[in-house]
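What follows is a structure written as structure tokens; I'll ask about it next.
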């Protein structure tokens, strides 16, 4: 045990060497490994040894155990591919047989060079929608947006401005099943990896969710589980709460009950009306949705039961 | 690559198995290893393999690299000692030769069974002081408090109430050097591992810091680096800021310039006076100091240059 | 229309004349008037003219209208009594006949010289309880605490330390009605103006509330209306929320459904257990309760329907 | 003194009559009066009586005294013009002679029917700029934007999308005086009432400020007074702060030292780089700037010395 990690009181602080900005590695030559398995001894050693043996340099690593005496283990590792001694398919086959099977892992590798393809479903409110498009344009979200689906024409001009195909699929009580089938078909055709409901004002059926078969992220305009369902700002006003919020979660068949990815709130007072709550809430909604989408895109969200680990 | 980590849209959410509360391992039979070294391939593999080989079960692990292409590497691992095949001294000697020396590590192991011993220095304000005593009593801080040192008599009765030795060491311009020497002597005699300035209204000299030779944590009543020095609430009032805050940091010889551990702020309006800012600020001060002390006690704070990693 | 209220760009900022700290008026010679009535033209003019005519100097004034086209009007005015030309009783009779009756007001005057008398009901958790006692000692809460009632002996020593009478009234299923009657009797005997449930783990009956006949403030350990009832931290853990909170509200017969005075939340992650949520939540609970009690004590809370105006 | 304003414990809460949404008055037929004057008895009575006499119905009222024993008095009153018995000019002349002169007021009336005209100055960062344009489009900001001035071409397409004239005025060390003169000329020509620097990366001279002669609002990307000047995110990274922020203030000749209108911060950790701080900070910057602009537009900001009252 050598030098301390504590502050060295004898020396006055000098300009930190940590101040130098990291040199950038090629961001397109990295990958992210996510793992879930029953907790047991030796997982970290086995995975990190495997990556070391094959020349993968770990950039970031996070892990979590739901219960140290026998729970579920979760890990996320970002690593660089420069020194990798195997082709992608061979690397994945080796990991499956050497590591994943013995430890009974659910796992996945995503390559940064293949950004996720995000479908957006939206109705008339533009704030979450524009915020996502703008963050993509700014480079904050490493995604492709192959299509936008709406049940209204209103936002076509904005979609055009960003050069993204805009499909209007009107939804009525009568045509809901066909409309959903058409939506799923469009998303599959566009190769969407996941979908975001950016204030899409229709409830999705189980058929839609199973038909699409990929994650769907919603933004709900309350701090769930408070104010489930329609008109949460009105309900918040009626209850006289002193804060309002927003919740982003994966969509399941049960309304507003899926695994929560991100939540936030802002304080409000007696001066607000349902209308001003709605206006103030828009800022929270778009922040929370953007945070959830970014976490999903970067493979930081692992689902277990009806909960999430967000690394 | 088997089952997905995504939500399974086909099933409605069931009551999460994650809901079962973890069984508790003996909290006195764990240890925390903290490491700092130049980043290079293979550190995680080596450390986790070493712990595995010797029967230490990793409970939590965090790591950070300041720069993926050649920076500083930091790690904190909490592990259980139940299965350890070496005695403490032997374990540490083995780690030093097998792992620490090859990787040029600064490192340390702390055993939960030996709680850190915290000295408190305080003047007349009671809020941070009482908050720490109360958190210790509630079991929120795993520490011993062998002594309290003050330059005033005011808080003796509170110290008595908690059964902690209370030493008054008056400090004047004339006796400052002797007073500090006496403070250091008292802390060494009591076996203090670190000291907390819980609104101690004297500036510590370099002699004090070097003499004590262990970490000293301060709470400053502003969001540093704004409002360094005396009377920050008055300065905040004069500048007309819309938020006030507190900063907890390790003390170095340069006033209010040491490595920051924790900070927070609260919003304020034009209605406040310097007095009401001081009153409101007390709540932030004690929260921020408690957070910093807890992080330090749990070996979550690693210092490099004039900055901290807080796991 | 003369000089602008805007910044004067031609002059560089000079040290603000606002920097001078207000001279203090005698804080025991002020009063607070609170008013609720149907909104109509002329209320502010009438009230301010009345106070002016009788020599009361307005220190602070707040008002709120639920609906500018015919809602409810609320006002709170703090004024100084130095120049008052009427004795208290005469002043109040004059206000009632000249102002209150024509405008159909509910109203009240409270004199700072008569601090409110607060009863505390508490079970075993000490955090909210001690926080209130400290704040009172520090002068943050302008109150008297004539008695503490508990259903357990645990906190007697703390009560003694502060010199406050501590009454243990055990409550069982069998004796609940008598126990509540005894509690009400003790509070009436001590002249309590309001009561605070500082984590008192019994549900109060309507008989208690009607028998006491004065406001009762509770702290609930969730962001209501989420997680009503018992074990909200466990429920929050099970739902996987990303924030936990606390709500202080007036107690009504319907559980956790009374008018909300204050709420706050803190962010949490997947790393927390029900136990750590409980620990973290304590900090929010005591802050929120203290904020609510302070607002109540300073006559800042006006109730209408099941909501509050908090000035 | 009749019925209490406290919760009525005997009745269970009923659905609040406060739940009914206010009927809307014509938002174009209101005005806002702002006042600053030496504090003395009778101001509120005089102003509210004057408005009552002339048929103006007060919708909202806020007031503040810097010091109850002889400071500065500030008031903001929103009132409806439906019942006004005077034409605008006559109303203002009457107020000046009857109220403003006796009380030595600085004052102003703004009519909602005449939205303020906001000039935007911007360089290359688009986040604050787009945020303001969206909020205007959405109806969140009651303004007109007659022109945008930039020292770069980059954002022309966005300006076009919103149909707003976009003027490029390149600024170099050599042409700074002429460039500023041109900017002032353009703003005067467009009838701008105030200007917003939406991340405009040039320091404005005193000549500019005096030449324009109207308020200029800036967004600075730090929690002032910390990190004044260039590169605050880099400076925040180097200091190792645990929160970053943004400050919106009126521009004066002294850099980053003008009266603060709004500030906010977000927590950050050791994991951030200067780049990620910049990315995260963008969300705070645009929120804080939008809040400040909205407050200014609604006449909620009154300046005194180097500070603000924000109602």
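By letter and in written order, the chains are A, B, C and D; residue numbering begins at 1 in each of them.
Quick note on the criterion: contacts are C-beta pairs under 8 Å (C-beta built on N, C-alpha and C of every residue); 3 or more make two chains touch, one makes a residue touch a chain.
Protein identities per chain, from UniProt: A, B, C, D = Formyltetrahydrofolate deformylase.
Bear in mind that the values here come from a model prediction, so they are computed numbers and not experimental data.
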item	value
A-B or B-D, whichever has more C-beta pairs in contact	A-B
Longest centre-to-centre distance from chain D, chain (CA-based)	B
Interface sides of chain A and chain D: same vs different residues, half threshold	same
Where chain B and chain D are represented by their mean Cα positions, the distance between them in whole Å	41
Between chain D and chain A, distance of the C-alpha-averaged centres to the nearest whole Å	35
Centroid spacing, where centroids are CA-atom means, of chain A and chain B in whole angstrom	32
Residues of chain D engaged with two or more neighbouring chains	15-16, 18-19, 21-22, 240, 259, 306-307
Complex contacts: residues of chain C adjacent to chain B	15-16, 18-19, 21-22, 126-127, 130, 134, 138, 140, 161, 237-238, 240, 273-275, 279, 282-283, 287
List of chain C residues in touch with chain A within their complex	64, 223-227, 239-243, 245, 259-265, 267, 269-271, 306-310
Complex interface listing, chain A residues touching chain B	1-7, 9-20, 22-25, 34, 36, 41-42, 44-45, 48-49, 51-52, 57-63, 65-72, 80, 92, 96, 100, 105-109, 206, 209-210, 212-216, 250-254, 257-259, 302-307
